[in-house]
Each structure stands twice: as C-alpha cells, then as structure tokens.
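Heads up, the next two complexes both have subunit A, just with different partners, subunit B and then subunit C.
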Partner chain A sequence: MNPSNPPQTAEYGGVTIHPSSLEHLLTYVASRLDEVSAIVLDPGYSTTRAGFAGEDAPKSLIPTYYGKYNADGQEKLIFGDDVFVTPRPGLSVHNPIGRDGIVEDWDMAEKVWEYSFTSRLTGAKASDPFHNGLNEIPSEELPTEMEVEADEKPLADSPLLMTEPGWNPAKAREKTIEIAMEKWGTPAFYLARNGVLSAFASGKASALVIDIGASNISITPVHDGMILKRGVQHSPLGGDYISSQIQAFSKTAVEAGQPPQAKYKTFPADKAPDASYRSLLEERTISEFKECVVQVWAGPNKLSATGPNGVSNEEVARTTPGRPFEFPDGYNQVFGVDRFRVTESLFDAKAAIPDPDSPFPAPTPSQTLPELIKASLAAVDVDLRPHLLANVVVTGASSLLYGFTDRLNHELMALYPGPRVRISAPGNTAERRFGSWIGGSILASLGTFHQMWISKKEYDEHGPNIVEKRCK
Partner chain B sequence: MSLASGVTVTDECINKFNEFRLSHGKIKYIIFKISDDKKTVVVDDFGAESDYEVFLYDVEYDLGGGEGKRSKIIFISWVPTNVPTLWSMIYASTRENLRNALNVANSIHADDKSEIEWKAVLKEASGGKAN
Partner chain C sequence: MAAAADVRDMLDLPAEGQPRPHKKQKVVEKRPEGITRELYALLGERAPPIALNENKYKGRPRWMNKLRVRPWRMTPFTNNARDDGLVLYHWQRKHESTRPPISDGAQMDTNESSAENRDDSVKPLDQVYPFAKYNIQIRMPKRYTDDEYTKLLQSKDWSREETDYLVDLVQEYNLRWMIIADRYEYQPRVNSDAGADAGANALVPATHYRTMEQMKARYYFVAAKMLEIEHPPAEMSEAEFELHERMLKFDPDRERDRKELAALQLNRTADEVREEALLLEELKRITSNEQNFITERRELYARLEVPISVGNTTMYQSSQGLSQLLQTLLQADKSKKRRSILGPEGSVASPAGQTPSQATAAETPTASSAAANKKGGIAAQAQPQVRTLTPAEEARYGVQHHERVSAGVQFRSDRAQKLTQAKSNVQTLKLAGALAELEIPVRLFMPTERVCKEFERLIQSVNLLLDARKVAEKVESEIRILEAARADREKKAAPDAPHPEVKTEAEEGASGVFDSTAAESGGADNSNKKDDGGDNAAQDGEGNHKRSASVLSGASDKTSKRQRR
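Entry: the complex of A and B
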C-alpha cells in the first residue's frame, strides 16, 4: 500500500466517520498530549542524535553533514543518510557546526536538527484534518465552530532537552533557546552540558569527564553537578584528526599489497559532484578502517620509548599480530605497527605523521591529551584534584579505539603518581557513543524534572537570557 | 541552580536527620534512598545491604594531644559501577539536593569498597589531621 495515498473508505472497514465521533477522537487526542514524551536532542559535529526521553538509545541518528546542489536553477538540500547515496552533479557537502563544536551556520543548523526529529520522531507537520483527504465529510456537515491551527510548529506538543559542549558561548545558548521556542514552538526547554550528563550517567556528581568526539577531544571537570568552567579544555585531535593521520600514512605506505583492480566510475566535468562529497565518502571508509584495524599503544610510556628490557616499544608493537583490511577498491593489506602510529600523536605531538595536504595543522604539544588534562586540573582548586582523578569518566565514540583507556590510565599515573587514579568507561558501546544522550533521556523522562524545564511563559517573560540563569 | 533531577527530599528525612544530629552518637547512621516511583528521597533506616544508597555516618575520632574526642557527620554516597545507568543517573543528579537540604559539609562519593575504608572516612572527617 502506498502510504501517500489516502486510504479508501473500505479500508476503514466501510465505516464513515461521523463528525461527532471525530470530535470524540480529537478530545481523546488532546487528553493524551499530557503523556507525550519529551524529545532529547544531542547535536554533535559528525552525527546528530535525537529520540524520545525514557528510551535506551536515540531513535534518530543522522549525519550532521548536509548536501547542497542545483536542479532546474533551484537550490536543493539533502539531509540524513541520503547525503551519502547519490553523487548528483555539483553536489557539495557542508556542516553547519564549526570544527570547534560551536554552531557556525544557524539557519542550516536549525534545518538539520529539525530534520533529525521530524524525519523519525514527530512526523511531518499536522495538516488540517478536514482538508487532508483522510476524512470524507459532506461539506454541509462541516462543523464551523472548530478551529484548526493553520501553522502548527513541529514541536508544539513536546518538551525539548538539548545538550551542548561546556565551552558553548552565551550567545549560542541564547540562539538555541530562541530557535526551540520561536521556530519549533516547544512548550518547555532545557539545555544541559554534556559533561555533566556523562558524569551523572556514571553515577557521579563530581568527575573529570574526558570526551573523545569526532571533531574535538575535551576535558570537563564537574563538581557537585556543575561544570568548572575554568578547567574546561578542548582541542581538535578527535576522530576526524585520526582519520587525517590514516590518510597521511596511507600515502607513504611502504609495502604495497595487490594493486586495486576496481573499475572506477567517472563523471564528465559538468556532472561531477563537488570534492567535499568525495571527502565525506572517504571519511566513511576510513571510519570503518579505524574501527577494525587502528589501535592505541596501550603503554606504559610512549610508542617511541624503550621498554624495561631494552626493547623499544615499537619493536614490541611490531611483534603483535597484524590486522587485515580490504578497501572497497579491492586493495588489501595486513597492517602491523602502522596501526599504532596513526593514534600516537593524541598523546605525543612529535609522533604525528606529517602531511602538508591535511586540513589539520600539525598538532602542538599543548593539544595532546596529557597536556589538556594537566591544563584542566591546574585550573581547578587543589583540594578537588585527587577527587577528580579518582573519578575519571571516559566517553565519546572515538574513545572506543582499542587500547585507549589502558593508555590513558598509564599516562594519568605517570602525570600524577601520588593520588589514586580510577577510570570508569562504560563497556557498552552504545553507552560510550550516546553517553550524554542517554543521560538526557533519563533526566527528561523523570516526572520530577518538570521543575527544571524553562516554560514558554517564562521565556516570553524573560527573553532568551533566561537560559543563562537556569541552565548553569 | 545546577542540573538536577528534581527528586524532592521528604520532611521525614529532615526530621530523622535532626534526631540523628541531636542524639550525640546514640544513632550511628541513617540510610536514605530514592523511592521506587523515583519521586522522593526517603529514609531507609532498616535497609541492611542495599545496592545503591546514600548514607550519613557519624564518625568519632580522636585527634590526640589532649584535644579529646571529636565527632563529625559524613555524607557518603554509594553508587557502585554495576548499578544500571537509570539509577546511577537519578542518584547522581539528586545527591546535591539531599546534601544541601541536610547541610552536611563533609562528603565522600564511593563506587568501590576501598573508598569507604575506615582510613578514607577518617581522613575526610578530620580534614587529614587524624590517622
């Protein structure tokens, strides 16, 4: 059955709905609105996660990237997974969020986020039930006193909880609540720091949250449920940076495997998609490579250091069994020590593989994880440090790199030999990838959370600045 | 106002706490927990061994050097790592509410038994002076 065609009367069992029963139906629907779950929206640089509060995982997971192309002189946009599918002529790929995790293009961020919930959660905007073809009512029986709101906003029925990085500036926070209230018409809103949500999800009100995302790695100290702003540190050495390292090393790969035997699709110059489409798809393949092959040298010490019995760590890494990977073009290879090299610069800036073509400048020592942690802890009260080190929470999809938490543990113990260091990292992949979404989902589903929401009325009274006062 | 679950602290908790505070060591501890409907914090006095809970412990310690015995109330939150995320989240986001309602300054968060060994508790209670 084609869902876009209205069902015939026969499909309702031959029963014609009478206006009075329709009214009953509408009252019923209105009474159910109290039970509508809140929507939780966790926007990241690489993916945007959205879903109903109270559920275990976000139902809607879409790329934050969107596509733009021209057809018949009109600009067209593509959202969601469709962006990967068809290489339309002139298709270019963009991201509304900047590499630092802060929104750059608000108009497009609004559209991408809106797509994340309207595509899978709330459905398209409701149309007038008397004119959408679903109800056949003879015109003389149309009740005149009923008014249907002509322009219903997409979130008119759902409270919305959104997450944000700890370094989101006040202007961006105000802009976010403005979109939620005015464009989407949400009746209630809350903006939560993702560091706090990740800490809470591990059962801790105070923790040092280490988040390894696609565009950023960040350190967020949380104390008594509040982020310690001075201690928030972030740098661009995230998953996308690791991908750029993989590209850099694959250019210099020494032992060649079988040459690829693929037949490539070619485009005439005027039909070709933009280079940004190619890099998006390359990134997809590299992500797969990252998940299957890449590993972090687990320590102790750097990959370049020499172990206790005079054998260099690189030699030890070389003796571990390699891992095979086949690229889509048929090129395949067993990767040995190289699979450790591509992640080493997260901990040791000198180990970065140089690549003049990379969009990422060579990392500076201060961007590496150990230095970020040092800077973060140096900015918080001395008495809090041992407590934070005893409660390190690791989250973010790129922290799932094999060996990552072991290495982090070794680095922390080398930096702070005195206090006890304890890392808690959920073993469950979904909890690591969606940590802050899951935290938001639980909070927003609690009946008692209603006192935290910023209502539309409060927003109208105080303006967007209310978010600064209420969502600390 | 920091991000919080909004779970409320019942008067029963406050009353019991005041009784505890004024009992001069007769009551040694109170255990609190969040009710199963996730709406309020209640006293779980009789709870022998619960999976996750918050409790107060009146620590008596001797500073030595003729300063006599002191006692201090310690707020301990106990959320082990194997607790389901749902309850971890609710306990963590309610902790500050309860601590502020009771106004206890010294606190320990523990997810492992080693963190609530006598030595660690004594250190927190005495501000590192007694050992």
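Entry: the complex of A and C
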C-alpha cells in the first residue's frame, strides 16, 4: 500500500521473484502476444499506475495526490512520492479525482497522469547527437531547439490503454480521449473498464469482479469481456473509509499502554503547510496500521452474531491473540477485538463506529458489500448468476485485509446457498493491488487486440464521441 | 520396507513375491556444479549438505555461439482487420533480405528511417498480419427494406424505429443477448414531427422496458422472415431450415417461465438446499445399492426354498452356540465357494436374519452414514441419540414394541411357522391342505409384521373352521345313525305303529342319544329342528367362512403379490 515503494517484481528482463498463476497465464497467452510497446495507464483515487504492456507489474506507481505551494510568488506543483517528503510552507495536498472515482479536476488529472509515465517510462527523448550537449553547441541555436523539444508530444510513439471505472460518465470518457489524442499525441488509444481488466488478469472473460479500492468498493458483472452496466454497483466504503473508522475508534480507545513520547515540530504560522498535508500523512500512518493490524472477522456470520456453540463471535475474536503496533509518536498498544471492529461495517452497516468528524457519513445498509452484490446480481439475467458466482474475482489493495476473502466467501454462501460459490483472489499482493493494470497489460499486448485501438485517424474523423462506440 | 510390510498385513494383501531391486544402489551421487572433480574427490563419501551453487547467468548453450546473430528490428505493420490503416510497431526478427543492410542502426538519420519506413510499409501488404484472421464477423440476415417491413414485419408492440434499434444493437453486440438486454435503452421519440425543440422541452420519457425474451422473440421473428425472403423454405439447406424452425418456434412465455423457475431454484434457502443434497445422496445410495439389493434378495429367496430344518434351535440361543453356528456356516460358505449374502463383516447375523423389508424400513433419513444403514435395525437402535417417534413414523420405520422379549434371536417367520404345526399330525396335514387350497405357501414369502398378523388370523380361522367341520361331521354322522335306527324301528313297527307314539319315542331316543353330545353342541335343544338349525348355522358358518376364506385368499393373494413384487 505504501505508494513510495516502486514495485519490487520484475523491474526489467521479465525475471520474476515469485512464480505465480499470472505467470502461467502469461505463458499461456504468450503465443498470442504481439507487443507494440503500448503504455497502460490505470489511474486510481489513491495511486496511479503506469507501465508498458506485456510486463507483469506497473513500472511507475505514484500517488494521485499532488502538492501545491507558492514559492517566490509562483505556484509550484509537486508530483509523485515527493509529496510526502518536505513540509513546505503553505503546502496543500489535492486529489484531481473525486471520491466516487470520477475525475473532477481535468487539468491536474492530465498533469498527474502525464507525470506518471513521463517520469519513468518515456523519459526524455534521445536528442539529435549534434545538439545534445555532448558536442559543442553554438549558444545561439539552443533556445530554438529547446522549443522544438518542448513541442513534442510525450506519447507520440506509444499506443495508450487507459482504464476507467464502470460508472464513468460519457463526458468523462470523451474528455479522456481528447487529452490522450490532442495533448499527448498518442497514435492509438483505448479505454477499458477496470472491472473487465481485473477479470482478464484472473484469466476469465466472465466474472463478478469485486474491487475494494481506496475510495470505492465496486461490484462489476462481466460477461464475455464486457461489463453489464445495470449490474455495476459501487459504494464509498473503501480503504479510506476503513481508515476513517480507525480514526474514529482510536479516539475512543485511549488507554495507552504507554503515553506518547515525542517532540513535535512546530511551524511558525507563515511556514506551516496546509491541513491537507497533515491529513495525507496521517492517512499514510493509518494505512500502515491498517496493513499491520486490522483484520476482517472471517465469519461465518457477523461479528455481532452468536456462534454455533453459544459463544458470541466477539468473544471468540477477543480470545485470539492481539497484535501490537507502535505509532510514530511512541504510543503503542496491543490491539485485540478492536482490530476486527473497524472493518465490520463493510459487511454490517450497524457495526459502524459513529464519528461525527469523519468525512464519511455513516454507511447505509445498501452500501455494504453483501447488499451491493445482491443488487448487482439481481440486475443480471438469472441464467448468468450461477456462472458469475462461480467466478468471483476479488481485486483491489484493500481486499488484502487479513481474512477478507474468507468473510466474503461466508457471506456469499449465506446469501446464495444453492449455487457453487468460488472466489478467485490472487495470493500475490502485486496481483491483487494491480489487478486492473495487469489485465490491461495482457490485453494491450494481445495480437488480436490491435484491431480495437482507436487510431488518431479515426479520432480525427469521428471526434471524441467515438469512444462511446468503440469502447463498449 | 518394514512399514510396507505392515501396511500389507493390515490390508490383507498377499505378501510381496520378491523383494524389490534396490534402486538406491544405482544412484550415483552427482557432483554439484562449481566444484572441481579433484576437490569433490577429497570430500569423501558423505559430503556436507551445503549446496555450492553460484548464482550466475544461465547464458546460452554452447552450440548457439556458432550461430549467426539474428537481429531483431522494430518494424511497422498494418492490421488487415482495421480499415484505417493504423501503423503500429513491433519487434520482429529481421529477415535475411537481398537488400543491403541499412547503415549502422545506431546512426539512424531521419532520411534513412523514413526511407526504411517506406520500405517496410510496402512489406505488410504482401505479408498478412497473423492475427487478422481472428477477426470474425457473425453472419446476419439481410436487412429489411421499407417495403418488406410494411408487408411482413409489422407489429403492434414494436415500432419500426425500435425494431431498427434492436437489430442494430444485435449486430453491434454479435447476438450476445445478455449484453444486448443490458444495454437496451430505447427512448421512443414522443413527437417526431415536432422536432428538436419539443424533444428538448419534454421530460425524458421513461425507457421502455423490454425483457430479453421480448427482444429475442422480436428479433427471431424478423430474422426468420428475412431468411424466408432470402430463401423460400423449399430451397433452404438443412441447416438453414433448422435455424428457421428454431427461430419460429421461440416461445417467450415459456422462456420467461423457465427463468422464473431458475430464479426460484437459485434463491432456495439453506434448509432447502441441505434437504435436497440429502435426498440426492439418498437417491445415489439407493441406486448404487439397487443391484446389490436385488442379488441379495434373490439369494434370500433361493435360501427360502431350502427345506425347513425341524431341529431344535435352543442350542443356538447361547452366544457360544451362535458362534459355533457361524463357524459352520462360514465353513459351508467357503466349501460352496459362494459369496456370503451379507458380506464378510455382516455375517455375524445369521444368514436368514434381516428381511429386506426390515432392512429398508430401518433406514431413517437421519441415519447419516451408509454404514449404519448396512447393519440395518441393529445399528438404528444403537444410535446414540434417542428420539421419540410419532405413531406415523413408527409405522413408517417399522418400529414395534414388545411386552416381553425373550433372550436369543427369534424370527418372526418361525413364529408364523409354529402356528401351522398343530398338535396332531392329521390336523397339521389338514391345515396344510387348507393353505394349499388358498394357494398360500407354507413358508411365507415375506413375513412382515402385517403379513404375519394376517397369517395368524388366517390360521386361527382355519382352525375354527376345521373345528366346526369336525363338529358338523360328528353331528351329521350321529344323525345318520339315528335316522338309520329310526328307519329300522319304523320298519319293525310299520304295520301298527301309531304316528304320535313314534314321535314321542323318537323324541325320547333322540334325547337319550343326544345326551352325550348335548354338552358339545352347547346345550342345544334335542329337537331335530333345532339340530337342523344348528346344521344350517354350521353351514351358514361354513359359507361365511368360505366367503371369508375367499376374502382372505384374495387378501393373501394381494399380499403374496406384494411379496412377489
């Protein structure tokens, strides 16, 4: 989850550390591959992933958050992991994408996305050897050459495959292709739903994709590589919501094993960064806590329910050994049953910890995962439902919460006792975190896919509306 | 090896014929890579378990070094499946061409690269993109014309615009009905004449909801008609005709019903699912055991044909006696080379033990394991959890309660058998005769509880009848004697016998003779009339009995039929 770490696997040369199911899949499709050095860009709320198609993990992984500050009367922007580093005076942190996963600030989204591939993938072009500085340059020619360089579009020679959530409105899609074609100058473009791509990453053309992201959880029924629009469900109970629950609960659990011992750095009023910077870093700490401690009650039944032998599940959870965690300020504690409570509201709206300060309103029952799945399947033809239940794909980094898939399995079995329920969740963390990117990587390197690109010529002919016709 | 022998012992497998050749001896320890032979020789026999593997790049096999380097080149290509001539670049092995190699790849001038581009862009034309062949379009029927539509395809429910929309959608999504139904969003134009401003002012009309069945029905209708226009049914090929038939026969109502049923099936509760699984398991078990069961029953019948042993069974009532019996039976089985009917583990029960009906009756649906079922009633009784059964259940499972249970094994059939053994041999023969008349076998085919009861009743009434017959015969013979006596007397006193006298005498005589039988006939009056009446009654009784016997025989016929079944 820590976005400052670049992916560890397979930096170059395709030598992976872990042989995994994905690799089998890749060898299986190897005969169908035809790589055209396409770039796959998978923008999310928390992180933006970019990399070359055909690789098994995105090379470029940056936070979608960007920093903004004023220096010398000029507005300056910080992209990438640098956001976390220095608390500059007046530094405020923003996110171009709204909480529902749809882009709100298009100008900044374009810049963040552009940074994601120019910083690591395309880089600076090899310039003319006569003028690249290694040879002597007549000083008067330099400025004009630089202008030519600046004019060059960043993606002029790689096709671009981008992802979008299943509920992306048509206007946003058109805007996306506009940016890709006109600003970045890509020769070919395609916009794919990330639900479909996650299903592809698990080697399935039809699946029920459950994506637990940072800002959203979404259920996407996929049939024959196309989403079923009526069945797409999403709710804001994602990883950030869990973080807010952690914050709500850590307000209540004050009995410190040890009081915090830290010297806080104080900023003078004019040098202090914006509050949003603080909340970003708080979120980062809490993410670490979430990854280390938080657990989902594995079921069966809810945490508040009573087990088969009369002992309440909460009691059982209490008897499991706690997990220690030390916050950066020295506050440390062994967390027992509380670590189950913070995630319980993903499944049981009543179990939410009330917190008036949280940006998230209390969840309604219809926002919980079982209800979303129910609603999603109810909107799908009955003939397809058993097949979808037999192909449930779990993806998204927040689904890595310990015990999540077990609980999901139990909930699904309770909801649908008849049909066979089969969850496929890759055990490999990278495959879970970058599910939709990997699917895009596979898709964009398939030889048969190359007829589906929207080319620059087609875009010029039909205008941005072509994305609606082609990327169904 | 010892472990293997143990396992064999446990599984009763024959001991190994010959000891296996030792494979281990053949294995020669391999010298790990990275150690020279001399160093390895110094290590002795037991080398330390350290893998001395250097992490190094695998490299190419040596023979490859002799090959020429085959360069790969980023080459442009066009995809024939596209109609816009998009040029993409991919790596491809450079072909050995007659062209002179282009100047060093590192120094690509703009001029040269463009020239190369031109060169390569010619190439794709004669070389088909290998993935283009996967671009398959489905065959759609010809689109209808206005004329055809008005003539053939009019529908009350579907407007022309909506039909157009549907056919477009079907074409776009290649007949994937799930997706077509998902994306179907036809907005009927309210006022096509009023134009744009009316459309802008009007509220967006609610999308006309269509089910997938409606869409399918409409499309199949249209497609079938178009197929007809293209090829009249007489000229259709077989496949086309079949398709045509299938499209015409599509029944949306039936399809809808089917989907409702499917939804019901999908939304079963956990209990229903569990019950179904249980039933299925039961069914599976029954079907798998059926053959077994039939052979068992046949064997049982065969055994029933064997003449009944009249020996005393008390010697088998002690456990020692039983085990002895078991031994002898096993011996007999072995010598006959015949499979024991209950299998090796079930042979503890005596072969004639469980009747099949009882065995099936003992299977309660809650009996979870098949093993318990195999052992029949015994296992069912031995089940740990005791639960009270309703009378209906008792009847179903054949549970009965006895007031007094005597020690040892008893067979119901034996009890029934005992009834047919009367005290006297003559009586026994008579009973057998009666049974034979009723066509009831002496040995019951299937001595279930009910059959035994019926049999008991039958025997009782047969006994009653036999008694009655005996009495009747006695009385009859006495009457005959008396009549003879009277005739004698009449003969003697024929010339001068006054009528009334005779009567009184006869009365007297009768009373005298009847004196002894009076007790038997239950204090019957001495009068002939009364006797006649008694006879009548007896006859009546016999008639009754006959009727009842026929009823009985009918009933027993039924039971015997049931048995046969």
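Side notes on the structure shown:
The definition used in the following text is that the second predicted complex is superposed on the first by the 407 of 472 C-alpha atoms of A that agree within 3 Å, B and C clash if a C-alpha of one lies under 4 Å from a C-alpha of the other, contacts with A are read in each partner's own complex, and residues count from 1 in each chain.
Quick note on the criterion: a contact is a pair of C-beta atoms (placed from the backbone, for glycine too) under 8 Å apart; a residue touches a chain by one contact, two chains touch by 3 or more.
No experiment lies behind these values; they were computed from the predicted model shown.
After overlaying the two complexes on the shared chain, residue contacts for A:439 are found with subunit B alone; subunit C is out of touch. Looking at the shared chain after the overlay, A:230 reaches subunit C, while subunit B stays out of its contact range. Look at A:447: by the touch rule set out above, it reaches both subunit B and subunit C. In the superposition on chain A, A:203 makes contact with subunit B only, while subunit C stays out of contact range.
In the overlay built on the shared chain, the residue A:178 is in contact with neither subunit B nor subunit C.
In the superposed model, A:416 lies in contact with subunit C only, and not with subunit B.
Look at A:104: by the touch rule set out above, it reaches neither subunit B nor subunit C.
When the two complexes are overlaid on their common chain A, residue A:455 makes contact with subunit C while staying clear of subunit B. Once the two complexes are overlaid on the shared chain, A:37 sits against subunit C while remaining clear of subunit B. Counting contacts as defined above, subunit A residues 224, 226, 447-448, 450-451, 472 meet subunit B in one complex and subunit C in the other.
Across the interface of their complex, subunit B is touched by residues 192-193, 196-197, 199-206, 224-226, 387, 390-391, 422, 424, 426, 431, 438-439, 442-443, 446-452, 470-472 of subunit A.
Of all the residues in subunit A, the ones that touch subunit C in their complex are 32, 34-37, 157, 159, 187-188, 223-224, 226, 228-231, 380-386, 414, 416-419, 447-448, 450-451, 453, 455-458, 472. If you check the complex, the residues on subunit C that touch subunit A are 79, 81-82, 84-91, 129-132, 134-135, 172-173, 176, 178-179, 181-183, 212, 259, 262-263, 265-270, 273-274. By the touch rule above, subunit B contacts subunit A in their complex via residues 1-8, 38-39, 52, 77, 79-81, 83, 85-93, 95-96, 109, 111-112, 115.
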